[in-house]
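The same chain A turns up in both complexes below, where it pairs with chain B and then with chain C.
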Partner chain A sequence: MDLALQLLFTGIGIGAVYALVALGFVLIFRATNVVNFAQGEFSMVAAYLMVVAVEAGLPYWAAFIVALLGMALLGVVFNLGVYYPLRHRSYLPVIIATIGASILLANSVLAIYGPQPQVLEGWFETPGIQVGPVYLDSQYLLIIGVTICLVIFNFWFFEKTLLGKKLQATSQDKEMASLLGISVSTMIMITFIYSAVLGGLAGILVAPVLFVSIQMGSTIALKAFAATIIGGFGDVAGAIIGGLALGLIETFGAAYISVPYKDGFAFLVLIAFLIFRPQGIFGERVAEKA
Partner chain B sequence: MSAPSDNMPIPAPIIRSKPLVVRHLPYFIGAAILVVLAANMNFDGYVHNILLQATTFAIAVFGLSVVLGLCGQINLAQAAFFGLGAYAVGIGTTDLQVSFWLCLVGGCVISLLAGALLGMSTLRLGGHYLAMVTISFQQIVTLVMINAIWLTHGPDGVSNIKRPDLFQTSQSYLAFCVAMLAIVGYMVWHLSDTKLGRAMRAVRDNELAAGVNGIDVFRTKIYAFALCALLGGLAGGLFAGGFAYVSPDQFSFAESIVFLTMSLLGGVGSPVGSVIGTGLLILIPEWLRFLKSVPGLYLAIYGLFVILIIRFMPDGIWGFVADALTRWRAKIKAPPAVAALQLKPATIGGDIVLEVTGLSKHFGGLKAVDGVDIAVKRGGVHALIGPNGSGKTTTLNVLSGLYVATSGRIVLDGTDITHMPPHQRTASGLGRTFQNIRLFRSMTALENVEIGAERPGNTMVGKGDDALTERAMEALTFVGLGSRANELISSFSYGHQRLIEIARALASNPTLLLLDEPAAGLNSTEKLELHELLKRIAAQGLTILIIDHDMTLVSEAAQHITVLNFGRRIADGESMAVLRHPDVVSAYLGSE
Partner chain C sequence: MRLTRRDFAAGIAAGIAAPYLIKSAHAQGATIKIGMCAPVTGPAAESGGYAIKGAKLALEAVNKAGGILGKQGELIVEDDQTTNPGIVLAFSKLASQPDIVGFLGSIRSTQVHAMAPDVIKLGKPVMIGGTDPNLTHMGNQWLFRCRPNDSYSGRVIAEYGVTTLAKKKWAVLHSTDAFGTAGGKALTGALEKLGAPPVLDQGYANQSQDFTPVVLAIKQSGADILGSYFTFENDLGIFARQLRQLGVNIPWVGSPSIVNITALKLAGPALYNTYGVADYAEDSSEGSKAFGKIYRDAVKVAPDNQSSWTFDAINVMAQAINKAGTTEPAKIREAILAIRKFAGAEGEYNFDQNGDGLHGYNIVKNEKGNITFDKHIEFND
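Right, the complex of A and B next:
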């Protein structure tokens, strides 16, 4: 029972990371109708930026800001270099281009920084606190806290602000939005920047828990994508619930079933959902429109 | 070698009637020369290895040209299928002591089944799912190769893999692989002109139109995906026999990306492109070996290449060359004249061809179609009219199976088609056109119509490709476009594209033809031509159900009219009587 409680905490912590990356997927998908296969590399690049900035002697908070600014810039470059030139083509070329970008990002970092995994210190001095039988790791607490704040922020931003509503209008009907005087290309640019920052934030938060490695991007992206399908593709709440569910499944699976195949559970759950409930828990559209 | 490209004009039927083997003789002679060369040249070990790698990789890349090039579906796990074939030969010939041939076939079957299963779970959904699921599958296969040490020997890999007795020397084995490359290449090249190949191209261009033309979209995609996996497995088995050693890192996700890049660079639409891309991407890294000293740099350049190719050369090197060749050649030849089109609609049921009873389609709370009855008499033109939003197009979509009916019953010529998917309804004798034209845009007019003529259950087409082409030509000539049969869809005006769509439906010799707003977007001359065409179709006894806003067309062409408003039937009967019906007048003009 104690083990189960401990796993519950860890699972939610890891799940929160998947949820953040999944949110990035969903936001870009809603704005452009394209899945960005380089979303996971955003997390990886941000974690490396953070490592570099901390090693350069910046205080932790300053390194954090520098890394996120770097991600915003990457979002701009990514949109202009990968998505924008292909925006009028069908989804297949765009998918392939984002896959190319993902390979380019991961291996550029490898070429520059070498294959050794890096270690990033956590934000807090104290490693964690003991509450009854459960040990609450401070970094996981931070991850969960930030995720809750972001969920609230997202809700406020998309429902209550004018910019958020413009973004929503763009994602629902580009032609109508542009007729109403909304600059669609600006809205898409903002979406890419926001998604890059969101993915980066997830990478920086999870870096002290995992190692900072070249592979962390693709591993996180795969699971975040599975999370979006489990939650219901294209659905913001679904991405968060799906992320948490996947974190729990994986943590319990590793503890009770098999450690080496831990990364395989996401795939099995994904296949099961695709076969039995492709619309996910929240049941948004799945197939391309008729 | 002649150019197997989508942009190429189809040879005229007269040339076609020569046996294929004779026409393609130069290809086989060339291939035989290559095989003899490979068997007799004395390469040093280094050159031999590069040739063997290029040959086996090219077969795997052929797979991608089928799934991605012909069918438009993505596969990011080709290295995993390649690995399945390689490990089957590796483990089979060493630990299990089974003959090479059995292992090679076994590996192909395993890959085929894995591909089919993966496809069945995902191909109903959009392309994004397929991309992600294939990546996941790739990673699972890699995980198993590394961790299932009892089976795969883990990271150490399998060594001392055997070759068949017949090809023990490396020279003869290379010659064998080149022969396999030539045979598989020929089949893939020829595939695009077969029924299955046409179906794949139709699915790639427009899934919806493929479905209503009698193509089982889901099954076609699975065939393409399984075929791709099979070729991956075959290539992997040959690779394992050639190098006698396999290990998990040879079949990683990075290798899948390498395969994809080879396919894109050379040109995804054709096996010639696959060979060019594979050759270049195996040779270039050998010339640029120094890049490999920095880990990652090499793959980073691959990634950059993918982005640049997609952006600037979407059809790859061969696509670019083939396009230039087509433009350079003489003007497209007009095909010869053909006999007049015969329409012989099937007559199984009684006097009523289409009987719709109590048909409803609800979207959540919205009752788009609500308890509608329609009875279409055989041999007549029946019109379905109504103001905007009255449920006409929804009714048509339910009839052709694009929407599932909420309730009600649809009987076509005595067959209950209510629960059939679109392609089966087409097989039962339904033909339709779309308001917003849905043609297969990368094909010629003739090829579009051939797909219509290939409708399962079409009794008006004889056996063989020649009969198919003849039928398609008759249909195109019937709508007045026979002389332009070999032109691409993009060179036709909007009105002519509409006529090609009608020809596509006519070639299938339907029992009932559904026309969805055929006059929309046509100018007055084109409308007159359309009216004449409808008369000629009706004169041959084909029953037509037409939806349109154009009251002149409807009142002149149709003998019977059904009027919908707000999803309900408000009037039904003989044309003139219905148009004077007070409810109809008030629905269109508003009541006093």
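Right, the complex of A and C next:
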């Protein structure tokens, strides 16, 4: 039982990281109908920005704000440089452009900062607390807390605010949204900014656990992408549930079946979903008229 | 101007012959070229940088001392991207240059396995740092190892843990790649011979984000000592932190990565009081101390095996070419295998007929981040 509780906590913690990155995938997919394969690199860039800001002597909270502002700027540049010029093309050139952008981002950070992996201290001085038989890592607690807050915020933002509804309208039907006077390009710009900030937030939060390295983004993004498919592409709740499910599956699978095949369990579930429920947990079946 | 049939034939002949003449001129060029596959990008990019620095420092010293066959040595580096396809590509790029007389391969066994078939096809000497014992026992006569192999490291880890630390309930943790699997097998075999078969033999996949299930398995096994073979420092850092956080404080004797500069930086206090088998230990010999000084003065970072093996590889190859008096591969091979009592940074080189230059390991301890030398264990087989 003690073992299961420890695994439950860790599985939810790592799953929350996948969920945060998956949220970024979903938001951009809803707005543009393309998958942004640079979403993982957003996490990596933000973690490096945080390291640079802390090394420059800024207090942790100020470094956090600077890093997120940097990510907002990256969101703008990404939209204007990668998506906007290709917005009238089919989804394929845009997807290829995002893959290219991810390689560019990774190699740019490598060229500017060098290959050295970095240690980023967490928010709390205490690394964790022992509650009975379970050790609660303070960073994972923070990640879980932030994920819960974001779920609530997203619900409020998309369902209760005018801007959120405009974003939803844009993601559902751009032409109709445009006819209703919504500036589609502005909404897509906001989506890219929000997704970049979300990806960055995930990177900053997970950096004290996984260290800051050029590869950190791609490692997380692969799992987050799987989580997005499991949850249902295009669904915010699906991204969260998919991420958490993936974290739990791989943690429990590793503990009770096989450690070396930990990643295998995650992708086995992904394959099962693609075969038996391709629309994911929350996705709706799309039928074509004869 | 009228083009005659003779002019045309002469032009065609010159066109066909020119590339060969240019290549031949290059081969007899002003420098002796040595190719090096190193991770400039990818997860091992930092340690790859150290490896390149070690090789360059050695070549500088060789050149100052008169060079190779009276010419200056030149290092040509190709990025292996820390991947198997990456090193195959990097090696093929280098191999296509006929004026490169010898090569430095990888410290990662799995990458050496990947490039090994191309090494046989090329038929030129390649110095390697991968420690999977099979690499020099699979009929590839062009691989020469500048680090002791894991049949020694497994025995040293087992011997030290069982005899010196008096621990018999072992948990063996290893990567599931070629290096980790061979290392884990060597350690398990050595423990069985000492009458202490492991209570847990646990593999893990490289680039894991979480080691909680592994730590809990160690905890539940009741092991009183841990032996490990980690390939990547990131993994080692994450594991070390989680091990301590989850309250496992048993003695830990690890393969050389446990004392790598990158691992020490990432894991910090989580690695205090651990032991490592290290092919490079600064205080283990005069050659090691001399290298340590050169490296610290030049790079301003503490040396580790990432730089020491490439430093030795260049020196061994330069000496072999000078002894052979030619760049002919078969002659260089003979000269390498004939090397005896060569004082390198990693220890004393005595090449055997398989191409293994070193036959022992150092035991070191992490004392609050400082690596202190305990003893050297040498084998005669």
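Couple of notes before you dig in:
Assume the second predicted complex is superposed on the first by the 272 of 290 C-alpha atoms of A that agree within 3 Å, B and C clash if a C-alpha of one lies under 4 Å from a C-alpha of the other, contacts with A are read in each partner's own complex, and residues count from 1 in each chain.
Here is the rule we go by: a residue touches a chain if its C-beta (ideal position, glycine included) is under 8 Å from a C-beta of that chain, and two chains touch if they have at least 3 such contacts.
Bear in mind the structure is a predicted one, so any value in this text is a computation, not a measurement.
If you put the two complexes together on chain A, you find that chain B and chain C bump into each other.
More residues of chain A lie in touch with B than with the remaining chain of the pair chain B and chain C. Of the two partner chains placed by superposition, A:Tyr84 touches none, neither chain B nor chain C.
Touch criterion met: A:Ala255 reaches chain C, while chain B stays clear of it. Judged by the touch definition given at the top, the superposed model places A:Ile229 against chain B, while chain C stays out of reach. Of the two partner chains placed around the shared chain by superposition, chain B is the only one that A:Ile99 touches, whereas chain C remains out of contact. In the superposition on chain A, A:Tyr60 makes contact with neither chain B nor chain C. With both structures placed on the common chain, the touch criterion links A:Gln6 to chain C but leaves chain B unconnected.
Of the two partner chains placed by superposition, chain B and chain C are both touched by A:Asn107. Judged by the touch definition given at the top, the superposed model places A:Ile214 against both chain B and chain C.
In the superposed pair of complexes, A:Phe124 makes contact with neither chain B nor chain C. Annotation: chain B segment clashing with chain C after superposition, chosen from 2-10, 146-154 or 272-280, is 146-154. Overlap of the chain B and chain C interfaces on chain A comprises residues 107, 110, 114-115, 214, 260-261, 263. Within the complex formed with chain B, the residues of chain A that make contact are 29, 34-35, 37, 81-82, 85-86, 89, 91-93, 95-97, 99-111, 114-115, 214, 218, 222, 225-226, 229, 260-261, 263-264, 266-267, 270-271, 274-275, 278, 286-288, 290. Across the complex, chain A meets chain C through its residues 3, 6-7, 10, 14, 17, 107, 110, 114-117, 119, 127-128, 135, 137, 209-211, 213-215, 219-220, 251, 254-255, 259-263.
Interface residues of chain B facing chain A in the complex, by the touch rule stated above, are 72, 74, 76, 121-122, 124-129, 131-133, 135-137, 139-140, 143, 147, 207-208, 253-254, 257, 260, 264, 294-300, 302-307, 310-311, 314, 397, 402-403. Contacts from chain C toward chain A in the complex involve residues 40-43, 45-46, 48-49, 176, 202-205, 207-210, 212-214, 216-217, 220, 233-234, 237-238, 245-247, 262, 265-266, 268.
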